[in-house]
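For clarity, chains are labelled A, B, C and D in written order, and residue numbers in each chain start from 1.
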Amino acid sequence: MSSSKSVGLREKAAKFLSDQVYLPYVGPISIWILLFVFAPLGVVLYFSFLRVGPFGQILNSFTLEHYRLMLKPTYIQVFMRTFVFSFGTNIICLLIGYPLAYFIVRCGGKWKTFLMFLVIVPSWTCYLIRLYALKTLTGNGGLINEALLNLGLISSPLNILYTPFAVVLGLVFGFLPFMVLPIYASLEGLDPSLLEASEDLGATPLKRFFTVTLPLTKGGILAGTILVFIPSLGEWLVPMLLGGAKVMMAGNLIEEQYIKLGNIPAGSSIAVVLTTIVVLIIYLSVKMGGEEVLERMM
Amino acid sequence: MKMKNFLKGKREVYSFMAGALVVLLLLAGLPACAPAAEEEGPAAGETAYDKYVASLSEGEYPVPCECFEQAQEEGELNIYDWAEWWPEEIYTDFEEEFGVKIVRDNFASEPEVVAKFKLNPEMPYDMITGVAIRSVIQIMQLDVLQEINHDWLPNVSAYIGKEFTEFEYDPGAKYSVFSDYGTDSYWYNTEYVDDARIPSWAVLFEPDEKYKGKITLVDDMFKSLAGALAYLGYPVDSDDEAQLAEVRDLMMNLKPYVMAFDSYPKRLALEGEAWISQGTYGDGFILNKESGGVVTAQPTPEGSRLLSDLLLIPKGAPHPAVAHCWINYLYRPRTTAFLCGSIGVQPCSQASLEFLPEDMREWWARVPEGYVASCGVIGERAVTGKGLELRTAIWEELKS
Amino acid sequence: METKNITSKILPVSAILVYLFLWLPTIVLVVLSFSNNKFGIKWEGFTLRWYADIINNVGIRNALKMSLTVALVTVVLSTIIGTLTAYGLYKYKFHGKKFLRTSILLPITVPYVVTGGALLVFFTRVVNIPLGYPSIIIAHVTFSAPLATFVVLGRMGRIDWTLEEASADLGANVLTTWRKVTLPVLLPAIIASAALIFPWSFDDFTITYFVCGIGTTTLPIYVFSQLRYGATSVINTIGTIFVVLPVIGLLLMNLLQKKKVS
Amino acid sequence: MTNKNSAPCVELRGVVKKFSGLVAVDHVDLKVEQGKVFSLLGPSGCGKTTTLRLVAGLEMLDEGDILIDGEVINDVPAYNRDCSTVFQTLALFPHMTVEGNIAYGLERRKVDKAEIKVRIGEMVELMGLGGMEKRHPAQLSGGQRQRVALARSLVLRPKILLLDEPLASLDRKLRKEMQVELKRIQREVGITFLYVTHDQKVALSISDIIAVMANGKLEQIGSARDIYETPKTKLIADFMGASNIFPGKARDKAGKNVEIETESGLKIIALKGKDKDGNSKEITGVSVHPELIGISHKGTDVKVGNKFEGKIVEMIYQGDFIETKVVIGRTGEQITANLGSEFGQETQFSPGEEVVVYWNPASSNILLG
């Protein structure tokens, strides 16, 4: 304790440096996020308050006009549709994804890996091309209609393509694997005897399923929900390709404003609203399901 | 996340890496299999120009030596155009002849081009092809185009029809050169559509009950609404509130009949999914060749909209001389004819007509005399201010 | 018992239906890629000409090259950043750690359209980053570095970190320990994240669509403009390659594995 | 071993380590003699592992000095310290072969390749790992992995080998085998061991010197025998498996014996000589190992200092002995005695029987405050 002041300072500096050892690790991402996430989002927020000139130039004057425009019935309708579709997609994905995951886990062994593989591989194919393939399949002259016609089940082709139904179908088609994966992971994490017990106890297996298995896989379901619901909210390719560009979702509004009309402030305001909603939902679901869901997402 | 279940041990990981490597090699090998296309041009500058001049056929004028030499130095041409539109030979022949490399990017809609200019006035493309007058107007307002040096375009001076250089938005074609033109129309499938009103727009805009969900409209608000305006007898670039209100009502009535918005519903039309489709008269030619059942109606008596494909050189163009060579090259009568014959558009030069394929010449011959002249152009009124605002409102309501 | 019978019958049937739903479009696509039909929508006899076509198509070749380059650079950059980040988050306590963790989640959760749009505006109006390779790669890394972070982070809990101490104890300094122990031990996690990022980056359309520029048409962008213009058989063919390549990769991996075992 | 330097191999002087305010190691002083096996024994959380990590350089100390061969090494980083650690988890590099693992430290020390080869060969032979050189840790059995971990450290010929409960993950039988093996190896290489464990049996069988730690402090240092037979405090006695612990106060210190009266009034006689620290600390009780207690039928005349009448309440067969619990009739204390089964004693007694328990005053161990 007899050390002079300067030594104390040097020690302090050395200590400070040795305390910052984490910097080389988290420094790069911090800078990256600051530069390419926060800054652009900030710019979007800023632009969303700017006025637009007659030729679409951005003027440096403040306005709330773009946000006011969002209250237009057409916009509200689009946002409502976005929600309904995303929610519906989520429910459908859950309803068909859960039994599938359950089935796969029950199959066990080598089959398990193979069956899971079958779920994942389609998602490695170019998303656009998959949607295109779905389009080919569901068209009036597509395989489905042709098969139904040949079987005599229908007399005239079903209108599937370019309907809201086609949009939801496309969303489910695109995001189903994201629901199956976390549910599969949480089911697999369960004690296998629990699954067996819920079947062998005979009397009320369904009840057991609802009282034991389902609550235990809640985390997986929540994670799946986040993984499906969030991207559905921002989707724009499906409505464009399968909805015939007439069943718009919020993502289409943004794309249209940014790219088609080049109205950056208007596009920005929609982007701000959509992002706020998404972040809010994530926040709420994390609060509800706790950190655990967050961990599961990884 | 996804891989978790597959990559449990280290061995799997290494095997996966090996597998991935093989896949990558396969992918990388693909391009290598293809024949090398690029060839070096003649070495010495002077002889190169002479050679170039000598290689020209009759009726083809060379660009001035100055332009040619500058182009040789620039060595590259960045083109921004529609995908898979013009035949590949147009590009490869040019590359070979001028010894330059063409880099092409595609846009999916004209507003995309305008939007890109708004974001980046110095867009480094040398050539923008296939944009319509109304996009040119929007782009010109941004002051991002280079003035075209007509001294470097002897073929254009020799062959372009005077009517294509006298437009109000760009007199003397200082900033934009027509490459071709056409008119809007609609196609119908004879198997399903039998309507006495053909060839009126009425078939499309006030369709029979049985065509519900069988109609496609062009996914572009200017073009789509221009058809409706023409049908109602109004100028296609109207910015009149009352007229556009009528258009709105018409379109909202039409909404349940619309299957999809698609700018080029080739597949839908050919497959017989769409029975009536808004589309150009020239595309109709291509479709009719593919399937005789798809017939094109040239809307009469209402008239139609003149479609225009223009060539632009942005201010930010790094290779302007090559761009001039390109325009001049396109205006060789044989090249013009080949281009127009392949994509179903009308040439702006009379000299090229004789080189058009026979069936195409017949197709154009069916257009009544004076029809083109009667067609309106989407001009400034439609693309700025109130015209734009009213259109956007209708469009959003229609599509939401 | 009754319910048990019902579920054990219904489950396989419903599973088969779901698989059919997931695979039928792809199967149809693969089959039609060999069809002689010009638009690739009907079966009109076997042909390989579309495959010959894509080999000869300069546009596709360039797009493929572009996509591969972007995906490779993205994988390298984002696994480096992601691994470092995961390590920092796992090993150290520091101010704002929770905030950083949440922030990293942001790029993954913000809709693609917004990310793409925001970056486009940012690149063109605020900083002058040329649209093209730089913009696409930055945009891709922005999305995939967090992804890599979380994949690697998820694996870190399963690693025995005394390995690092053992290495130090045996005389290795910090850098050598990273090189010789930490990195090899994290390698499976890094590869797992690369295996996730590579196809994502190769496939991404939306973000790329917003920020792509001159001469940077990636394969999905190419496919998109093809789709806009109307059907061509080439799309079936490209799609088939997209399906077949990963499957070949996985089969090879399986084969190699078996060989090693025997 | 030819070291004539009188300095101990490792010395700790007043070492303190705190973790966010909590004291994990509290002014520890100890000396480890060259060539000995020195064990740090204590319950989990007592600070023994932290002490080891301080010596290894994996933690930096807050106060005091650590010396190796008489030199202060407080600021020497782990990778430059002349000691090597065998970790509880073994921490074998999973991506390296047995050979690679063993060679790792030598490579870091830039030993030339030929030399590395020779030394690996020696180690493989010493450890009986012949034929395993090319295997990965995952392909080895628990015992083999143990040997590889040892080999990896020993090949460096460190001044001192630090072992952090290296046998904890093994099953009982293997653990016993490895104990013997460890002892053999230590004898052969003559390297000083600093061995951390919470298992008193392992510590007793392997150590020359044992230091018992509790709550970050050193409680007692001594030979294995010392610690086992004469634990100084109740805590140590308990930890060393003396199941008969009687808190009490010294009554009569006259003569060569001490009489200690427990709280319930039981009077136990202990040998005074055992009270090593003299009168510096207060006597707080007595402990007796159960194997030192005999049982006779009631009425048998036993001529031993401590004898009490009681009733057998429980007899638990443990294989090599019978754990017999006797409740003293007068005071109600429970005494556990381990009866050898060799003379058929289990048939001589049965639960419920009135018996006499007895032990020699020399077996009574005095506990201090």
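Rule of thumb we're sticking to: a contact is a pair of C-beta atoms (placed from the backbone, for glycine too) under 8 Å apart; a residue touches a chain by one contact, two chains touch by 3 or more.
Treat the numbers as computed from the prediction; the structure is a model and nothing was measured.
A.B. asks: Work out which chains are contact partners of both chain A and chain C.
C.D. replies: B
A.B. asks: Sort the chain pairs by how many C-beta pairs are in contact and tell me the top one.
C.D. replies: More C-beta pairs are in contact between A-C than between any other chains.
A.B. asks: For which chain is the distance between its Cα centroid and the global protein Cα centroid smallest?
C.D. replies: C
A.B. asks: With centres defined as the mean of C-alpha atoms, identify the chain lying farthest from chain C.
C.D. replies: Centroid comparison gives D as the farthest chain from chain C.
A.B. asks: Nearest whole angstrom, what separates the Cα centre of chain A from the Cα centre of chain D?
C.D. replies: Going by mean C-alpha positions, chain A sits 57 Å from chain D.
A.B. asks: Whole-Å distance, chain B centre to chain D centre, using C-alpha means?
C.D. replies: 88
A.B. asks: How many angstrom lie between the centres of chain A and chain B, each centre taken as the mean Cα position?
C.D. replies: Chain A and chain B have C-alpha centres separated by 36 Å.
A.B. asks: Among all residues of chain B, which ones touch two or more of the remaining chains?
C.D. replies: Residues 1-2, 4, 6, 10, 109, 119, 271.
A.B. asks: Quick one: which residues in chain A touch 2 or more of the other chains?
C.D. replies: Within chain A, residues 117, 141, 177, 258-259, 264, 298 contact more than one other chain.
A.B. asks: Can you list the residues of chain C that touch 2 or more other chains?
C.D. replies: 41, 120-121, 125, 150-151, 154, 187, 224, 246, 250
A.B. asks: Which residues, counting only chain C, touch chain A once they are in their complex?
C.D. replies: Within the complex, chain C contacts chain A at residues 1, 3-4, 7, 10-12, 14-15, 18-19, 21-26, 28-29, 32, 40-42, 81-82, 84-85, 87-89, 91-92, 94, 100, 103-107, 109-115, 117-122, 125-126, 138-139, 141-142, 145-146, 149-151, 153-154, 199, 203, 205-206, 209-210, 219-220, 223-224, 227, 235, 238-239, 242-243, 246-247, 250.
A.B. asks: Within the complex, which stretch of chain B touches chain C?
C.D. replies: Listed in rising order, the residues of chain B that touch chain C are 1-4, 6-7, 9-13, 15-20, 22-24, 26-28, 30-31, 33-35, 37, 78, 80, 82-85, 88, 103-109, 119-120, 124-125, 263-267, 270-271, 290.
A.B. asks: Quick one: which bits of chain D touch chain C in the complex? Just the residue numbers, please.
C.D. replies: Residue list for chain D touching chain C: 56-58, 77-80, 83-85, 87-89, 91-95, 104-105, 108-109, 152-153, 156.
A.B. asks: State the interface residues of chain C toward chain B in the complex, per the touch definition above.
C.D. replies: 38-39, 41, 55-56, 58-59, 61, 64-65, 68, 120-121, 124-125, 130-131, 150-151, 154, 187-188, 191-192, 195-196, 198, 212-217, 221-222, 224-226, 228-232, 245-246, 248-254, 256-257, 260
A.B. asks: Give every residue of chain B touching chain A within the complex, in rising order.
C.D. replies: Touching chain A from chain B are residues 1-2, 4-6, 109, 111-112, 114-115, 118-119, 138, 141-142, 213, 216, 219, 255, 258-262, 268, 271-273, 384-385, 392, 396-400.
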